[in-house]
Amino acid sequence: MSRRLPHPWLIAALVLLWLLFNQSLSPGHLLIGTLVALIAAKGLSALRPLPLRIRLSSAIPRLAVIVLVDIVRSNLAVARIVLFQTTRPRASGFINLPLDMRNRYGLAMLAIIITATPGTLWMRYDPAQRSVLIHVLDLIDEDALITLIKNRYERLLMDIFE
Amino acid sequence: MSGWAAHLVIAPILLPLVVSAAMLLFDERRRKLKRWMSFATTGALLAIAIILLRATDPYGVAAAPLVYLLGDWPAPFGIVLVVDRLSALMLLLTSVLGFTSLFYSMARWDRAGPRFHALFLLLLMGVNGAFLTGDIFNLFVFFEVLLAASYGLVLHGSGTDRARAGLHYVAINVATSLLFLIGVSLIYSVTGTLNMADLAARIPLVPREDLMLLEGGAAILGIAFLVKAGMWPLCFWLPGTYAAAAPPVAAMFAILSKVGIYVILRLTTLLFGDGAGRAADFADEWMLFGGLATILYGTLGVLSSQTLVRLAGHYVLISTGILLAALGTGQSTVVAAALFYLVSSTLAVSAFYLIIEPIGRGGEDEVAQAIAEPVFEDEYIGALEEEEDEIGIAIPATLAVLGGGFIFCALLLSGLPPLSGFIAKFAIIDGLLRGDGAVPPTVWALITLIILSGLATVVAMTRAGIDLIWTPTERPQLQLSIVEAIPIGILLALCLALMVQAGAVMEYIERAARTLGDAALYTSAALDAPRAGDGAIAP
Amino acid sequence: MIQAPDLPAWAAIIVGTLVLLGAAITLTGSVGLLRLGTFYQRAHAPTLGTTAGMACILVASALCFSVLQARPVLHEILIALFVTATTPVTLMLLARAALYRDREEQVAAEAAGTRKKGDTDLPA
Amino acid sequence: MEMVIALAIGILTASGVWLLLRPRTFQVILGLSFISYAVNLFILITGRLRTDAPPIIAKGDGVDASLYADPLPQALVLTAIVIAFATTALLLVMLLISRGLTGTDHVDGEDRDQ
Amino acid sequence: MFEEWPLFILFVLPFLGSLAAAFLPTWARNAAAGLAGTIAVVGLAILIALYPSLSGDGVVREQIQWLPSLGLNLQIRLDGLAWLFAFLILGIGALVVLYARYYMSPADPVPRFFSFLLAFMGSMLGVVLSGNLIQLVFFWELTSLFSFLLIGYWHHNQSARDGARIALVVTAAGGVCLLVGVLLLGRIVGSYDLDTILASGDRIRANGLYTPALILILIGAFTKSAQVPFHFWLPHAMAAPTPVSSYLHSATMVKAGIFVLMRLWPVLSGTDEWYLFVTTTGLATLLVGAWSAIFQQDLKGLLAYSTISHLGLITLLLGLGSPLALVAAIFHTVNHATFKASLFMAAGIIDHETGTRDLRRLSGLYRAMPITATLAMVAAAAMAGVPLLNGFLSKEMFLAEALAEHSGTYIDEALPYLATVASAFAVLYSLRFIHQTFFGPPPTDLPRVPGEAPPWMRLPVEILVLACLVVGVLPTLTIGPYLATAVRSILGDQTPAYSLAIWHGFNRPLMMSLVALVGGTILYLIYRKPLNEAKSSPVVGRLKGRKTFEAVMSAIVAGARACEAVVGTGRLQAQLRVLLCIALVAGGLPFVHFGYSLGQAPGTLVDPAFAIVWLIGGACAIGAAWQAKYHRLAALILMSGSGLATCITFFWLSAPDLGITQLLVEIVTTVLLLLGLRWLPKRLPEMWSGNRWPPSVLLRRSSDLAIAIAAGLGMAAIAYAIMTRPPPDSISRYFLERSYTEAGGTNVVNVILVDFRGFDTLGEITVLCIVALTVFSLLRRFRPAPESVKAPVQQRVQNAFDDAHADRKIGDTVADYLAIPRIMMEISFPIIIVFAIYILLRGHDAPGGGFAAGIAMSIAILIQYMAKGARQVEAQLIIRPLRWIGIGLLLATVTGAGAWLLGYPFLSSYFRYVDLPLFGTIPVASALLFDIGVFALVVGATVVVLIALAHQSIRVPRPSRPATDKEEGA
Amino acid sequence: MTGLLLALAITAAQVLLGFAMACAAWRLAQGPRAQDRVLGLDALYVNAMLLLLTFGIQTGRPLYFEAALVIALLGFASTVALAKFLMRGEVIE
């Protein structure tokens, strides 16, 4: 994170964003895109965000695949609940998930994953206790779920962000 | 007019805009600088208005209006600004009021709240734009500009009354703006154009089955203007709002209701002038009866007003009513007289608003408190204290000056000699009686109401003036600073000049009324105006 | 407004299926919004739309435009990214707010003694 | 389709007018917003109904104007949207000020009736 | 030429003098008096010098162009009648000035007095010298005005203020009537020129407008000359300083009414109406005035009523319509002016010397002031009509006329008797005046010790009394020729033969005079004592003019208030209701007139999804209307639903620009309203449970519902009618065709906004700028309601929770709450910036543009505020929104003005295709710069509005002072 | 033939999305609590975004994509504001 080029990753991402917006790879757009990205990055650095380090490893594609699969699965599960379970009150409830991860970006990623997966909902993170409150639509086995999340997501995320 | 001078047409709009934009770059501490900036601007506006007035009125030539094609797009496609004698006259009137009100505000009112000068100049911009534009939607935009600025200025100085009145004012005018939009879009839906001159050309061609839309649109548009002009029963907001506004603001507002009148006059002569048949008569009838009712209501209000500011507000209604009714009689002999009355009554009301405040001043001073007492701890108040009493030397014989000024105003408002109010009313009545045929009962009613309203004003003003000026009270000595006295003096002197130079002024106004009546002149000037280049600069 | 872009048959079939599928999934989610019993349960429902439903339609759209313009059109991925990144924000904030409000209500009900037996305990 | 839009305009207007006539400032502000929705739609349809014909022309000469929706009402609506936004903001602040100074959110600044 | 210039000087001199006197310092009373006197004397000299040119039917005229288009010019016209009146005005004026110099106390601001007096003199001269009726009215009203100022000169006295007000209102009202009457004459004749009007008597009398014109002119004249029933103002005007009374109420002000009657006598008289109105009024005034004068206890009051009586006499004479009566009237006018002026001055001396004007307290002053007493006695005798004095002569003429046959009505029959009775009354009150004041035992208990007045103060009285005597003894030698000129100027060839001799033989008028003299004396001797006890005059005293006037005035005001309350309202709801109803009627009438019809354009098929969208939008709208009172948040959310439906419609109707803009505005508006919601009060529970609303509420709601439905149906009907019609040939074809070729943009909407109609956009962003400024300055002094000052209940609860737990700090809850979302919201910042720049730059070719980009940018900032709170954001980001606004506005304007350099009008866009190495051929348009200006301004304005609102919660309010508490309590 | 099928499929999808919006709107109007309404609004926005995407497919114009992008990127701001208002009583502290 040099002074001259703050957040190189970010700038690269923003240039990509610009190119995607414009659907063009022309050198002109590359130029303008870089300029715009610099401006935007300057804006962000004014906000003094927490430093972000990403470790490039195989964890990223693995995580992506796992998440995709889980999303499809839970989509089906939730659809089933919505469509077919009409009267019986569902065993939905809250679980408290203790976390080892401290990196905020990792936590944010985890929050996205958990919330984007239908059936689980990230509700409250308690930094003091380092635990997160999750609402689960179809709560069958609380402990199994906790281990699942910790093993499937948290570990990979910690690989990437910490 | 050629070369750089041609751009003078747009200067009344751009100059205040640029200056106020520049003011935003300085913060509140540079009060003195802002003062000088806006003072110079109003002075320049005055000069520009005079130049335009002369340019539209060359000696012995039947002058076509000056046309300015914005963006160099030909009419009716681009927006045009059109200055004829009437708009030049209104510009001049606005500039005069702007100059005097701003002058007056420098006594202390510009310190009663932040950003006064910028808002004030933008108000001038809006009013000037409304007088200049030749495009009906652009008119809407300028109405919004002037309204937005007036919203801010009504609440300048804050206080409970202002908040209450301001809320009504905003709510009603926002609703009215929506009506304005509906009217404009209805007209567009039938004619497919927004340019006033083009509308005048296209309206006769509208097929009969579309006339309901056209006239419905025109009627709704008319309602929107009548709200602004303050016709009964659309006028109840007006006295309260004007009364709540700070004096220099109210003095400037004197022109706002006249903007409504101006637009009505412009559009009726242009769009529904001779040959438009039913629509014109229809509009006339509404204006006549509405005007009569307005005079009556204003008279009642003048009589029942407890304070001078409310009295002044109701007088504004009377003047609106007189103008509407006089124009609504459809007699061409009365148009010039009505315009003369418009000028005279606007100046008079403005002067009156300015003079009310020093007369009623004394004891508990809300504004002074507001200046001294910020509501929140974090407010910056340094600038307010550094230049206290910089201008504002009290002048001697205050009572005599105020009393004299008050009497002048009373005479002007009630239409008694020897000031221009008398000439104006006399000219209107004379014009009404001038026709050859029998005088219809409505015209008699109008004459009666004009007379009665004048009498009511005399009664109310005498009562109020005696109570305020002659009755000894415990309150401290009246005070008037030079800065306050000069603008009042200018306005009253202008009224006096209108009287002394009535002949010359009337001749000008008659020429203005003639050009106003000549819709073809306006239309051809606006539609055939040459472009500066052959299209945009070619690639 | 029955009209459609001029696509080759294979693409048309894929696009049509995906669009229908996505719409159906979204509808299911929204029905869940109607049918589920408590707020916390309902909060899960729209995620169907923001994940699978959206994905199907976006793929359809990307395919459609790629075929139409004869070049890969990928910017649909932006929508996916943005929606995925922003939905959790709203849901998290909303769920937490709901939790707070329900707690307060529960406290008030307890104070008034009107709390019913069947109500589930909310986490503190 | 015309009927749907006409009814939509009608319902928005009616709701807006009803709210405009209510005694609470917040209701008035909502009412004005509703009416401005209606008015914006109204202005738009003065260019008549055109679907799938946005006025974004191809580069080059020889534009067939009948292929595109009328752009002028759209420009007018855009201006109207901006102005409506501005006045909403102003009215809101106005009502806050009035509420702060008069102690009530009644439009007349005093609670005359419930 | 020689004759004309002096006339003009005569005309303007008093006004110039008035102006000069107004600027004299307060103490300069000698200078002021000298100035006034000089002016009067010079005027008199000019007048006398002009007299020769009037011999025969001569008229001196002078005209100055003033307002030719309305037939109004300054026309000065001097004929015999005018000369006579002008002589009175200036002559008595000069004497009054001299008198006033000694009368007025040095403590008074005397220059102002003389200034008013001179102005009044000028106005009076203006009335008599007018050659144009409008001009006459003009100066007539001026006399009302200056008399108001003179009567109210001692305005610290309540009575002076009241007297002045009554006089002004009555005479100004009369003046207005006169104006209308004159306007009617002008309409009949076609000119206001006096000569023309005087020449068209027959035409006027034959016209249908004659009667209204006559009545109006008479009302004007009668109010001015204090005729019954308008006479009541005159006694109240006695509160004026005595010089004023003696000037205004003897020679000038009241005589203006008489003058107008005489001036228009040739035109208006001679009809039954004239006879009826004028004679009756004159007679009534004569009797009422004389009767009331008898019972006055105030010297000046007595004189005031006697003045009324004498004015009635003159009016009566004029009403008779015979030339001889006219002669008598003119003669009596002059006589009355001389003796009444001197009597007022004498009364003033008495007042001045003794300190009282109460007849009951005065007594035996002859010893103290013999000269004054003698003078007063002579003048009073003239008033009573004692032979060898001028009053006798004109009274004889009056009595002779009373005997003559005029109309054959009952008035004719009764006139001789009534005239005698009135004369007897005149004797009675004159006697009472003299006897009570100067004779009897020495005065006791007076405020001052009486003595003779200074000689200079007596001099005017002496001159006037001398005039009375000389005219009385030698009428033909003194007044004769002047009277003849005056009469000739009115009657011309019809001038009758008359004789001004003292002795006409032992005829009936003389008998009547003697009867009156003897009768009056006897009556005085009998009723001397009871008269002193009288509180008011019997019978007539019941007609309390003043009380009636005040009652009428307050009734008018009360009535006006009541009417205003009925036809006006101060309530917003009522105003909006009226506005909407009128708009409905106005918009609906054309449809009623032309019939509602649909066009033939082919319709489009219903799109089911779109119909569902509007089902939702409509339901949301209705739901919001239903919920808005008690569930503001719900209503707000529902409104967003409708807004979304509107956005979708925009997209669907081929308006992507609108859709995007509306979406963005929607978001900002929601946040804005939420920001405001925090300061609104908690909603109270509904007052009327269920459907049991009070009838008034039910009525109001149902009428509102009716208006709402009518408005909705109306808009729907109009919209439908429009949509079924084929479009007209619109100017937008031009825009579509030139958009790319001449302005270089393919998004026509954006090209219209920044180029074709860029001026609209400039105005629109100005509105935004103004609103931002307004909001900013309004919120600087924002004073929240007391119960809203505290933090919202949620924050208090959560902070209390944090406080109660040992392991938490205050604010932890919110920190935890935002901990994770904040990360995402922070990341969104650069992304939205990129997006904003993207839609800004491509606006010319595709949907987007400066405004949408600006809003998007401000949302980016807004999100940061929501994530971090105002303090933290502002510690990190330095946003100077006002500067953004200023720069944006300047950029837009300067871009527009740049065209000037190339000789093009404002906002002409510069546009060219440019080949750039990396970019290829791209259009470069100055419109883009303009759009960037728009962008900057929109960012600034939106941020100002939102942030100014948001800042309210972090400001620390001052403890309110007691005064503010009171204000809020009220 | 496939063109017609595609058109029908898209239209059917739009109707389905319309119903989805109706469900969300029902939640929005019905409540019962404020958070339900906010949730409804959020769902409404997302469904509208999808509807706009189908418009895009239907017309073959990329214009609608921008609209969807706006909702995706910025639409959450109003929901965040509402949620924060519920939680904290004000939007910006």
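Per-chain residue numbering starts at 1, and chain names A, B, C, D, E and F are given in the order in which the chains are listed.
We take it that a contact is a pair of C-beta atoms (placed from the backbone, for glycine too) under 8 Å apart; a residue touches a chain by one contact, two chains touch by 3 or more.
This structure is a prediction, so every number in the text was calculated from the model and none was measured.
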{"item": "Neighbouring chains common to subunit B and subunit D, by label", "value": "E"}
{"item": "Closest chain to global C-alpha mean, per-chain Cα centroids", "value": "B"}
{"item": "Centre-of-Cα separation between subunit D and subunit A, whole angstrom", "value": "39"}
{"item": "Geometric centre distance via CA averages, subunit C-subunit A, whole Å", "value": "16"}
{"item": "Whole-Å gap separating subunit A and subunit E, where each centre is the average of the chain's CA atoms", "value": "73"}
{"item": "Separation of mean Cα positions, subunit D and subunit C [Å, integer]", "value": "29"}
{"item": "Subunit C: positions in contact with at least two other chains", "value": "1-3, 29, 31, 43, 45, 50, 73, 75, 78, 82, 85-89, 91-93, 96, 100"}
{"item": "Set of subunit D residues in contact with two or more other chains", "value": "20, 25, 28, 42, 46, 51-52, 54, 56, 72, 79, 83, 86-87, 90, 94-95, 97, 100-101, 107-108"}
{"item": "Shared-contact residues (touching 2 or more other chains) in subunit A", "value": "17, 21, 111-112, 122, 124"}
{"item": "Residue ranges of subunit F in contact with subunit E within the complex", "value": "11, 14-15, 17-19, 21-22, 25, 28-29, 31, 34, 37-38, 40-41, 44-45, 48, 51-52, 55, 63-64, 66-67, 69-71, 73-75, 77-78, 80-82, 84-93"}
{"item": "Of subunit C, residues touching subunit E in the complex", "value": "1-2, 82, 85-86, 88-89, 92-93, 96, 100, 104"}
{"item": "Subunit F partner contacts - residues on subunit D that touch it in the complex", "value": "52, 54, 56"}
{"item": "Residues of subunit C touching subunit F in the complex", "value": "1-7, 9, 12-13, 15-17, 19-20, 22-24, 26-27, 29-31, 33-34, 39, 42-43, 45-46, 49-50, 53-54, 57-58, 60-61, 64-65, 68, 73, 75-76, 78-79, 82-83, 86-87, 89-91, 93-94, 96-98, 100-101"}
{"item": "Complex contacts: residues of subunit B adjacent to subunit D", "value": "137, 141, 144, 148, 151-152, 155, 158-160, 163-164, 166-168, 170-171, 174-175, 177-178, 181-182, 184-186, 188-189, 194"}
